[in-house]
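Before any comments, here is the structure.
Chains here go by letter, A, B and C, matching the order in which they are written, and residues are numbered from 1 within each.
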Amino acid sequence: MIEAQLPALQVIIPLFGAVLTALVRHDKASWGIALIVSLMMPVISFALLQQVLATETGIISYALGGWAPPLGIEYRIDLANAFILLLVSVMGALVMAYAPRSVTAEIGRDRASWFYTMYLLCLTGLLGIAITGDAFNIFVFLEVSSLATYVLIALGKDKRAVLSAYQYLIIGTIGATFYVIGIGLLYVMTGTLNLADIANRIGNIEQTRTVLAALAFLTVGISLKLALFPLHVWLPNAYAYAPSVATAFLASTATKVAVYLLLRIFFSVFGVALVFNTLPVSEILLTLSVAAMFGASIVAVFQSNVKRMLAYSSVAQIGYITLGIALANQTGLTGGIVHLFNHALIKGALFLSLGCLVYRMGIVKIEDMSGIGRRMPYTMAAFTVAGLSLIGVPGTVGFVSKWYLAQGAFENGLWWLVAAIMLSSLIAVVYIGRVIEVAYFRDVTAKPITPNRVPLEMLGVTWLLAAATIYFGIDTELTAGMASKAAEILLAGPK
Amino acid sequence: MNFLFDAFAHFNYFITIFLMVSGLYIVVARGNMVKKLVGLSLFQTSVYLLYISPGKILGGTPPIIAEGFKTYANPLPHVLILTAIVVGVATLALGLALVVRINEAFGTIEEDELFAGDLDE
Amino acid sequence: MTAEQLIYIMLLLPVLGAVGIAIVGRIENIQEAVTLATAVGLLVAVLALLEVVLAGGRPATGKFEIIQGVELYFAAEPLGMLFACVASSLWIINSIYSIGYMRGNNEPRQTSFYVCFAVAIAGAMGVSMAGNLFTLFLFYEILTLSTYPLVTHKGTDEARAGGRLYLLLLLGTSMALLLPAIIWTGVIAGTMDFVPGGILSGKISGVFVAVLLGLYMFGIGKAALMPVHFWLPAAMVAPTPVSALLHAVAVVKAGVFTVVKVIIYVFGYEFLASALDFNWLVYVAGFTIIAASLVALQQDNLKRRLAYSTVSQLSYVVMATAILAPISIMGAVLHIAAHAFGKITLFFAAGSIYTAAHKTEISQLNGIGRKMPWTMGAFAIAAISMIGLPPTAGFMSKWYMLMGAIQVEHYFAIGVIILSTLLNAGYFMPIVYNAFFKQPDSKKGKHDDHGEAPMPIVIALTATAIGTVLLFFFSGVPLELAQQVVGK
């Protein structure tokens, strides 16, 4: 009985959890609630995944409140979003397990419960975007998660955190509003808000100016959320000044869900034929992706704030993901989707290890990390492993993504693109190598180090993620296999 | 001639576009943070108009079921816009709260003064 | 114990050794003991597998699929066995040497040194036993990454700069050139396995053959083909045991090994001979040989001269393989072993001189032969091997290379070999002469009262010098392996 209600529970439980933590002002209790909720999420997501794999059509449809679609709001889950749900909930659970001491240290005991409230709201929003099949519902969840994100960022220790939150608010709201404009135009033309229904009705009005304008608004709006170059301006500051836990969570989930949204709009609503064959979306996306891959990587090399450097690295990695989408063939799209997952693991591990460093030493700049490889060997080891994955050394997840992307590029005959993928990975060697060099091959810094060791849960989760970057680089059946099937489903188009 | 006639008939769309563009312009062109938020709200308001305008079905009555009426105006856009307005209000409130905090932390809410300082690091 | 299990042991043993060293870390004698024990165990396993391969067996492990179409598996074949034998036997000797050097110079962070060494050897074993291009690439990268900390070991600004160049150049060439070449091969050939006779026959033609060959040759940065050779002299900032490892045992040998493997087992030398319109590789390699020798002539720093000598000698292997004649390929294979023993001796000697006399420049070495007879004696033998005179191993490999070049009447190659032999004599012989027959400089330096280097160092370099001579007299096994490689 409860299995049938799982889709709704996936969203309702964190929502109520958020309310609960807002009422319970005690920091440890709030964390407890947040942890329990976060641990329930992967269970539900996994159950949903099993359900999707078990059904014949590969789609679960759940009518919220019993109101039948297309008039009622429908939660529609196929393999693509089941994958995303699993990713978001697992990352959320891991980050929550890591969180308590880091949050208390960076945000303070009196504000900690607000952090957990916002985190749960953000989780609600992200899961909601991934699970729903109604276009306006997506907007609602999008704004729920965005507003929560703005607050999460603003809670950072540095006073520039509020400024970054404000900047993100302005840009993010513009993005969401563009999305709403796009949906509005589509609604006017098709008369429905249900994504699947729009796909059905859009057939003969595809080429009208209104629908094309809708596609344009949707793309730009989602690209703002996705931090696609050149709409990425909010990201570096936001990631740099937010609390470490928030950065780790956001880096692994927020942009990924936005990518999923783009995939839905492109493939399941408008369809490959219109978007990639008729319109020059592929070329535009390709150019922007390559610009992101190179531009952002190069800027990352020159950063002195280590979180900022990783933020620019994220922009570059998002370029890889959109590259996979731009290729629009089976291998390329698989590469993009699998990199979605892999990058979440990698950046999660990197930011969490930075969180450990911040916890113990208040590290902000790369120079502060001088010689830290000897003082905090386990943390730096996790950072190194995740860094190698970022570079794409074979045997790590980064290599798997690059392999698929390169093959996808080969299949489309784009030789220069293969070279571009490899060369941009080289730039990653430079900025990761810089950190590793400073950490291991320089004299120990004069910066004072707190006597308490890094708490076990923080180190444990960091290491779990770092190890996952190697494990999923060797056993790729779960990730690449599912990504491949998801790509197949998406490329098949609207049903 | 035809164009003017169309323009007059569709004047709410022209207003929509005007609000949209001027809102965006204010966000981009003004350095004061509160003014930016005003621009943002303006931009969001244009969207409300964008939704509601096509909701009015020509010849339709207000959407309350009554004897003898077959054509009703579409109530759905109004519902959507209620949601959007709430979102807009929440965003504005959050934005203003952030501005208050920024003022506390930096002593100014003018962007050029802020960025002249030490933002990039 | 099946052959398959032996392969796994060869790979796992150095890794376990690394873990063991990391655990027993601080205790000085134990970590060296673990290293030596692991090295001996490795050699035993390698020799056991050698028997199987010599008899004609080609054991292979099961395939482990990583990505669709990309498998990880290992297969033993004669070329790999040669590399594995060289690497494992020299690891033991290098470890003995390291003990003496690290203690004699009081080097810091010895534990990480031995750990990285062990991991690097594991990488070399993986490269030697790789059954397909992906596996080779994986361990090739592991080798680069594990030797980077070794290069930067000293921790000085110079060491860091050298390490940076090393890492960037090697990772750069492998990621930007070698990986695309591998992907390209996989796409057109449908497989990435190593097969005698190659997998590309019929799948590629025209100018693409030359392009793909170029991607491979310049992508294999460890073979130090000009102009991707700059990492080699830059890596001289490392302590001498590392240089010995890099220039004789693991890194450069992995490079030329990969070159030969690709030419024979991916392209197939017969296919390449027919499909390659213009054999540019011989000319590039020949140019590298001569240019590097000329640069070596001008170096006063002993290790730098040896570094450029290495660049030159590696291109011997490349050029001999590029000639695509079976006999010269045999010479190339033999030279992998010959150069290993010779070069490691030379580096051992350089380190020995540094440890005992704290001298690094050749101009300071007048008369040092009298104070350090064993060191300079070994140096002399190794130098003779580099030049290619009997009764050293270098003579044998050069002989085969020359015969192969004559057989196909490749006059350029013949000329290069002869000219470079003279150049080799030009930059090695003066060192030996000055060491034995010149009077030491009259200025009294701080360390002029010194004798031979510590005992482990002397043992090591004597062992490898004798090995160079022994390889000449007991050349049966290398010759047999080389013959099996070219399939005669």
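Methods note: contacts are C-beta pairs under 8 Å (C-beta built on N, C-alpha and C of every residue); 3 or more make two chains touch, one makes a residue touch a chain.
The model shown is predicted, which means the values in this text are computed figures rather than measured ones.
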When you take the mean of every protein CA atom shown, which chain's own CA mean is nearest to it?
A
Most widely separated chain from subunit B, with each centre as the mean of CA atoms:
C
When the centre of a chain is set as the mean of its C-alpha atoms, what distance in Å lies between subunit B and subunit C?
69
Please compute the C-alpha centroid of subunit A, do the same for subunit C, then give the distance between them in whole Å.
44
Calculate how many whole Å lie between the centre of subunit A and the centre of subunit B, each centre taken as the average of the chain's C-alpha atoms.
28
What residues in subunit A touch two or more of the other chains?
none
Subunit B residues touching 2+ other chains are none
Mind pulling the residue numbers of subunit C that touch at least two other chains?
none
For subunit B, which residues are in contact with subunit A within the complex?
20, 24, 27, 33, 36-37, 40, 43-44, 47, 50-51, 54, 76-77, 80, 83-84, 87, 90-91, 94-95, 98-99, 101-102, 105-106, 114, 119, 121
Which of the residues in subunit A come into contact with subunit B in the complex?
136, 139-140, 143, 147, 150-151, 154, 159-160, 162-163, 165-166, 169-170, 173-174, 176-177, 180-181, 184-185, 187-188, 193, 237, 304-305, 308
Give every residue of subunit A touching subunit C within the complex, in rising order.
388, 391-395, 400, 403-404, 406-407, 410-411, 418-419, 422-423, 425-426, 429-430, 433, 437, 440-443, 473-476, 480, 484
State the interface residues of subunit C toward subunit A in the complex, per the touch definition above.
66-68, 70, 72, 134, 137-138, 141-142, 145, 149, 152, 155, 159-160, 163-164, 167-168, 171-172, 175-176, 179-180, 183-184, 187
